[in-house]
Amino acid sequence: MTASFSVSNPAFRERVTASFTDQQVMHTLGARLMEIQPGRVVIELPYQQALTQQHGFLHAGIVTTVIDSACGYAAFTLMPADAEILSVEFKINLLSPARGEKLIAVGQVIKAGRNLTVCHGDAFMQNGDRQKPVAHMVGTMMAIHNRDDLKK
Amino acid sequence: MTASFSVSNPAFRERVTASFTDQQVMHTLGARLMEIQPGRVVIELPYQQALTQQHGFLHAGIVTTVIDSACGYAAFTLMPADAEILSVEFKINLLSPARGEKLIAVGQVIKAGRNLTVCHGDAFMQNGDRQKPVAHMVGTMMAIHNRDDLKK
Amino acid sequence: MTASFSVSNPAFRERVTASFTDQQVMHTLGARLMEIQPGRVVIELPYQQALTQQHGFLHAGIVTTVIDSACGYAAFTLMPADAEILSVEFKINLLSPARGEKLIAVGQVIKAGRNLTVCHGDAFMQNGDRQKPVAHMVGTMMAIHNRDDLKK
Amino acid sequence: MTASFSVSNPAFRERVTASFTDQQVMHTLGARLMEIQPGRVVIELPYQQALTQQHGFLHAGIVTTVIDSACGYAAFTLMPADAEILSVEFKINLLSPARGEKLIAVGQVIKAGRNLTVCHGDAFMQNGDRQKPVAHMVGTMMAIHNRDDLKK
């Protein structure tokens, strides 16, 4: 599943960072952008009671939010400078309850296409020096060209 | 796809309401429980800039959070009084950007089983008196029995 | 979930029928095209021991084959005359073992876009005059333009 | 994603082989069981025109059939001797058209649970000494205990 990818926008790190900064929900949740490589992005989210479901675990949708952004930005690293990005669809399997100190979501590109990019994402909960897998995502991201309604 | 379901816990409305109240993320996001029927639950979320992605739409993960809770509670209406519920997996297709006044998520049971319940969820953005479909989910929910770690 | 769709190719029925005839796997399996409406296609498959898994049910992948074609052709009914179609991704939930006399797969369009069309598909097993749901699919189909390698 | 798994049935290879032999669809398609390791199974399918869609590629559903069996048997290697196995759900992304000499499907366990096991599957088309990824699956398999209707 590991692959080397060709980068079409040399300023991909700046572009991902700027877009992440524009995602207000990332600020609201307290998520942090930790790593940006071609075809790979890591985002962390500290555990917070305010984001939990009825048993005190991080809500599956919040876990999804962080993995979706990690996958989307992994795809975005490989897109040309004029493309915008949107999620087309994703599927997530919840492997274990998300409790611990922080959530670490790793998004990686499986296949980069002109329009559609397929990614997988893995989320772990860290407790001390242990990491436990909590969710696995596979999703499709779309490069959007020339859509004025997506311009800021 | 419409079906009639048999209810095993007559107090299902109280049980769903209590569990929803325990989901701290629902308070944090500002989501409201609007309707509880056997096999069907509706949750609304007012649009907020604090929950948006880089183009100002509600983040796909936030839309997912609301649909997942609607689907989970739709399944929960049909479960016996001693069961807890967890999401096993779900898949979501994003149909249109989520902008407008409020998100309405309708979760409905497709098939209720002893352990696993399959649901679909549809989310709409309301603008004035117009509703536009923005996402479609299919997911699997699991009834959990006798798991002390899920007790409050 | 019901919608009315606009047809861009008036000869959509002939086009779907011709493409179905070109799907050699449909002949091999013994599948039959039963209904073609804008945004909706029905395909049937008689039960055959030769297509079963280890318990004597139709194999989930065979059920998938028929629903995928039903969904793909449902999308194809709405595409322009010069478009080819490919499946991008799909997700299927297996609701009950597929045993009985014949499988009936109904593919329907949820949202038709210029490039991507989202469909859902429902499969039933018929026994006498009873129909039992056995599988539910959601998938994404892509219109392909100007790809010579897809021309016959 | 690599993991070591504990085997509860020492005769897991015989059990997988016997069940594969019982899957009549595998004989019908001409699929061959190539490798059985704890948590990992490989199945091959030679390309055949009789299994193609309208452009002459292996039909997505046929690719799915082979990956689903590879994933199911990967899960089955870790199950106790009295368990039967059924697919609960799976999701597949089609990465490239499936043309070439033969399809190689590798199923691997992500997380093995008492009742539910999550797997991923990767399918490649081989042409000469080149292998090209054509599909990626993630799915959920269920161990079934004491279901007489699944006994032969």
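The letters A, B, C and D name the chains in turn, as written, and every chain counts its residues from 1.
We take it that a residue touches a chain if its C-beta (ideal position, glycine included) is under 8 Å from a C-beta of that chain, and two chains touch if they have at least 3 such contacts.
Just so it is clear, the model here is predicted, and its values are computed rather than measured.
The chain with its C-alpha centre at the largest distance from the centre of subunit B is D. The distance from the centre of subunit A to the centre of subunit D, each centre being the mean of the chain's C-alpha atoms, comes to 28 Å.
Here the CA centre of subunit C is 22 Å from the CA centre of subunit D.
Centres computed as Cα averages put subunit B at a distance of 32 Å from subunit D. Of all residues in subunit A, those that touch two or more other chains are 88-89, 91, 93, 118, 140. Taken together, the touching pairs cover every possible pairing of the chains. Contacts from subunit D toward subunit C in the complex involve residues 19-20, 22-25, 27-28, 49-55, 59-62, 64-69, 84, 86-94, 97, 150, 152.
Note for the complex: subunit A touches subunit C at residues 88-89, 91, 115-116, 118, 140, 142.
Residue ranges on subunit B touching subunit C, taken from their complex, read 1, 91, 93, 95-96, 110-111, 118, 120, 122, 133, 136, 138, 140.
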